[in-house]
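Note that subunit A is present in both complexes that follow, paired respectively with subunit B and with subunit C.
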Partner chain A sequence: MSATTQVRPKLYESQKLALWYFAVAIALFGLQLTFGLIAAYQQLNPNFLFELAPFMTNRTLHVNTLVVWLLVGLVGGVYWFLPQETGREVVGIKAAKIIWWVIVAGVLVLAGIYLFVQYGPGEMSTLWLYMEGREYLEAPRWVDLALVLWVAIFLFNVIATTLASRRVTGLLLVLIFDLVALGALYSAGMHYNINVTMDQFLWWWVVHLWVEATWEVLVGVLMAWSLMYLLGTPRKVVETWLFLEVALVFGTGILGLGHHYFWIGTPEYWLGLGGFFSALEPLPLVAMVVHALYDAGGHRLLAVNKPAVFWLVAQAFGNFIGAGVWGFMQTLPQINMYSHGTQLAAAHGHLAFFGAYLSTVLMLTYVVVQQARPVLSVPLDSRWWKWAAGLMIFGIVGITGAFTISGFTQTLIERAEGGSTWAAFIRAYTHPWYANTLGWRYFFGWIMIIGYLILVYDLLTIGKHAVATVKATAVATAGGGDD
Partner chain B sequence: MIDTAARAEMVRTLMLLEFVFAMLPGFYGVFYILGQVLHRRWLRLLGYGFGAAQVGVVLLMIRTGYLEPFWVRVMLVLTLAYVAMPPALWALAKAIHRENTDTLQPS
Partner chain C sequence: MQIHWLEVTIAAIAIAVVLTRVLSKGAGWLSWRFWRGAMIASSITMTTILFVLSFFTVQEARPGSGRIPPWTVINHEIGLKWDAERQWQVPVVGEETGFFGQVYSPEEAEALVNKGKITFQARNCMECHTLLGNGAYYAPDLTRAWLDPWWETRIKPMVGAESREEAMMKWLMNPPQYPQGTRRMPNLNLTEEEARALVAFLKWMAAIDTNGFPPHYSLTYEQR
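Let's look at the complex of A and B:
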């Protein structure tokens, strides 16, 4: 593909808002990595920052910033593509801007609470003001409500814009239904119950269904728009794939939730139901790999935006390997009885989030960066994005490998052999297969950080050469050159 | 009740076999589709090889005797689904691209 440049069309207000979304998402990504690195170091040296921010706090911040930046990136992607899809400005953009800054302020206040307050007395006021104390859903109730309000305004933006444009596409319909589920399922996390089984029953609706089902569908919609933009795939084709993938994701994923119900006190039938449907969960992920290979492979990866296409293909593979393979490895109850809650879950979580969501948001970021410059550079390419991608993939593979080995050690030594006794716990944690991996995680964490810094540099500079070239040509044409 | 060493052996064996079982449909799908897209017969055959290996791994899992009859049936159904998936999806991909007059026709 020969390089060309053209002046980009004027951005919609919604797209200008999306730029803020991506800027904040990438900044939060950096914070997430930093908290993760500190947490990894604290595994080696537990006294490090113990008085200020112990491992528990850093882990909470690491996980919470991950969820927030990925969600911000995905929502930003919709704000970017929505006016292009409907051919008009987003309805209610003022409300979208207001709630956005409310959310940013809320995230900052929450980070301050996590860092400096950390916990409160065992009263309801703590749940509302400081922290819920439930793993992954630590955010206090006021943040939950703000988040639901954010999704509600977002849903209004999408529905009102779709109706105003009188252009109801299959992609928009899927998006609207998914956003309803996105808001509703998150609210399941607000049903606090003193019965641990009942509490966990709904807690998993957020951790599994909200993240693994509604996010996956949101990713499917964004992928469909991206395929149309990046590879020129026809709308009917992406819509057909999307319908198939939605059917498979929900068809396998809703009851696949059952693998989290094996050992929390729910009836025994969840073993069979959960085991069977969980084992089917990689099916849509195989379908995504086929889809990506068919379209990207058919074009021999020649596209208007090389880093975006790379991350698009990486998403299909990463999602399959991280969510599918690493999940399936421990999904049957015979194994899960010994492996659940070990670091195998952390290995699965790290690789699945990287493959499914991080890759998607980085793909969207490159799409946005290309179109946000005053001059469009086609194809968008640089050597730095390859370094950033290579280092980050190397880093996450190393981190996942380290977690897998330590999780395997826990499963075999602490659980299967030792029967989860205190002595078995000590034996597993002091075993070289566990102890040595702590250092590996920290090392690969640094690799991720270096990859991230290169990514930021690349995002700030990629495509700028075209802008400079066009300016120089314009000056030369006008006779203003120095010669 | 099996002793702890035997239990550890069961967990290790099943976990490794499950890992390989889950990885193989991916390899099967990737090489099969690449073979179709690039018109390379050997890639397609390699894909089929991974598909066959997947069936072999399931038979191995059943042969260990660790799985109860219900789980044997579950694994067989899953194998069938994963074996059928790549050719079925390829046929679907071709059909929907053809119907929509796409200029891209890799095969």
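Let's look at the complex of A and C:
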């Protein structure tokens, strides 16, 4: 396909809003990498910033910026595609804009609290104002309430726009049910519970059922829209695949939640249930790979947007390997009893988030960037996106490898041999098989950072050449001039 | 109520399959309609089963239910013993020895553990430590921290304490002063009240029946 240029169709208001979503998402991604790199360096040199911003502070910011930028990217994707799907402006767009800037302001305040306040006294007021202290859900209660309001307005936008368009497609139906579940599940995480077993029981309703169920389905919807846009896959095919994926994701992931209930004080039947259903969790991810390859292959990769198609296929593989294979590796209780709570979980977490969600959001970002310019460049392509993608994938594979090796070492030395005491923990992280991986992790962190910087450069420049060409042509046609 | 995982699994799959057939009204398995039915069927079936199982789990996860200790467990000696049938360690509660030289009433014990739990969250402990194996993997797992032999052998003489609870309290109030290993814990400015409550929370947690996690806690090969 030779490169051509087309004048871009007018953007809807909600698509203009989506541009802000993606800009903020990519900026937060940079912060996430920075705090991750500092945390990685602190493992090598525990005295670095020990007084000012210890590991716990950087790690809080690392995981919170992760959750926020990915969620912002996914929601931005919906704001982008929703008017195209319904053929009209999003209903309630004013409220959507207002809550967006409230959320941005809230995120900035929260980042300030994490960095400079860090923790509070052992009173309930701390949980409301500064720190809830539950991994991934560290945000204080006022942030929870703001998030619920955000999701509620978003849900209203989707439902009202769908109703106004008088055409409920299968994709919209799945999206609406998924968003209802996503909002409802978050509220399960907004309770204080003195009993740590019940606390973690409900905590996983948010963390697992978000990441391994409702987010996966949201990604499925966005992938479906993207496939239709990028490869011209027929709606019926895309919808059927999406239904299959939802059937499998919910069919395996909901009771797969049981793999978090092996060791927290909950009854023994969760060992069998969690083991069985979570072992099946890779199935929908296999379906996703088949899906992406089938659709891409069927059209001989003749795409309108090369980086987006690349990240779409990377998503399918990354999700399968990161979430599927690395998850399965440690999900049966017979191994999980030893590997639980080790660096192996971090290995899985890093590759799964990269594969399933980072790839999706970057795919969406390239879709949006293509249409953000006044003139469309078709197919969208550049030299730099390949470098960015290559370096970031190389980086995450290296980081995951390093975590996997230290995870195996910890499983063996701390858990299996040492009996999981304080002394055994120290023996594990000072063992060369563990200690040597820390340098690799840090090195690959830098590779990620370089990949990220190239990504930002590429996002700012890709497709601009087409704009320049068209402008030059316009100027030439007008007989030249000084302007 | 006795629940067996295999029965639940078979029932879940059977219900989902039958419901799919009903909802898709006999459509072939390669059709749009079949998979729409499958999606609705599996979502409803699995969500319903999760709610039912959660109801039973909540009953068994109450303090004093057997798996989860009552708050007053902090007044007692706590240990682990090998369960030959399940082939893992289970917590055992021994005689009443008091906590910081005092026997706490059920209300006082609950208030103390509660204070400890809030302090645990307010100081963001989970961002370095794991508890019940969940957290940030930078610092030791705290599930059985109360039972760690280091308090007796190493920390007690180091901080000059009379009892294990006092040793833990003193250490927690200024960890960088007594570094262990190459990674240090920051001074989180715990008050004496907060540190005492935190130790109570850790002691209570050490008596939860965790299906044997972490395995062979503090046992050398010879002791197994």
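In this text, the second predicted complex is superposed on the first by the 480 of 483 C-alpha atoms of A that agree within 3 Å, B and C clash if a C-alpha of one lies under 4 Å from a C-alpha of the other, contacts with A are read in each partner's own complex, and residues count from 1 in each chain.
One rule holds in what follows: a residue touches a chain if its C-beta (ideal position, glycine included) is under 8 Å from a C-beta of that chain, and two chains touch if they have at least 3 such contacts.
The shown structure was predicted, so the numbers you read here are calculated from the model rather than taken from an experiment.
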item	value
Subunit A as common anchor, with subunit B and subunit C clashing or fitting	fit
After the two structures are overlaid on chain A, angle v-u-w for subunit B, subunit A, subunit C in degrees (C-alpha centres, nearest 10)	80
First, second, both or neither for A:Pro46, with subunit B first and subunit C second	second
Contacts of A:Gly133 with subunit B and subunit C, given as first, second, both or neither	second
Which superposed partner A:Trp101 touches (first subunit B, second subunit C, both, neither)	neither
Touched partner set for A:Phe116, first subunit B, second subunit C, both or neither	neither
Touch count on subunit A, higher of subunit B and subunit C	C
Touched partner set for A:Pro282, first subunit B, second subunit C, both or neither	first
Contacts of A:Tyr294 with subunit B and subunit C, given as first, second, both or neither	first
Subunit B versus subunit C as contact partner of A:Tyr338, first or second or both or neither	both
Smallest distance from any CA atom of subunit C to any CA atom of subunit B, in Å, after fitting	5
Overlap of subunit C and subunit B interfaces on subunit A (superposed complexes)	236, 240, 244, 272, 276, 338, 415-417, 419
Sites on subunit C touched by subunit A in the complex	3-6, 8-9, 12, 16, 20, 31-32, 35-36, 38-39, 41-43, 45-47, 49-50, 53-54, 56-58, 60-63, 67-68, 110, 113-128, 130-141, 143-145, 148-150, 180-184, 186, 188, 190-191, 194, 197-198, 201, 205, 208-221
Subunit B residues touching subunit A - in the complex, by the definition given at the top	4-5, 7-8, 10-12, 14-15, 18-19, 21-23, 25-26, 29-30, 33-34, 37-38, 66-67, 70-71, 74-75, 77-78, 81-82, 85-86, 89-90, 92-93, 96-97, 99-102, 104-106
Of all residues in subunit A, those that touch subunit C in their complex	43, 46-47, 50-51, 54-57, 59-60, 118-124, 126-127, 130-135, 138, 170, 174, 177, 192, 194-201, 203, 236, 239-240, 243-244, 246-248, 250-251, 254-255, 257, 260-273, 276-277, 337-338, 340-343, 345-346, 410, 415-417, 419-423, 425-426, 429-430
Subunit B-touching residues of subunit A, taken from the complex the two chains share	232-234, 236-237, 240-241, 244, 272, 275-276, 279-280, 282-283, 286-287, 289-291, 293-295, 297-299, 317, 320-321, 324-325, 328-332, 334-335, 338-339, 408, 411-413, 415-419
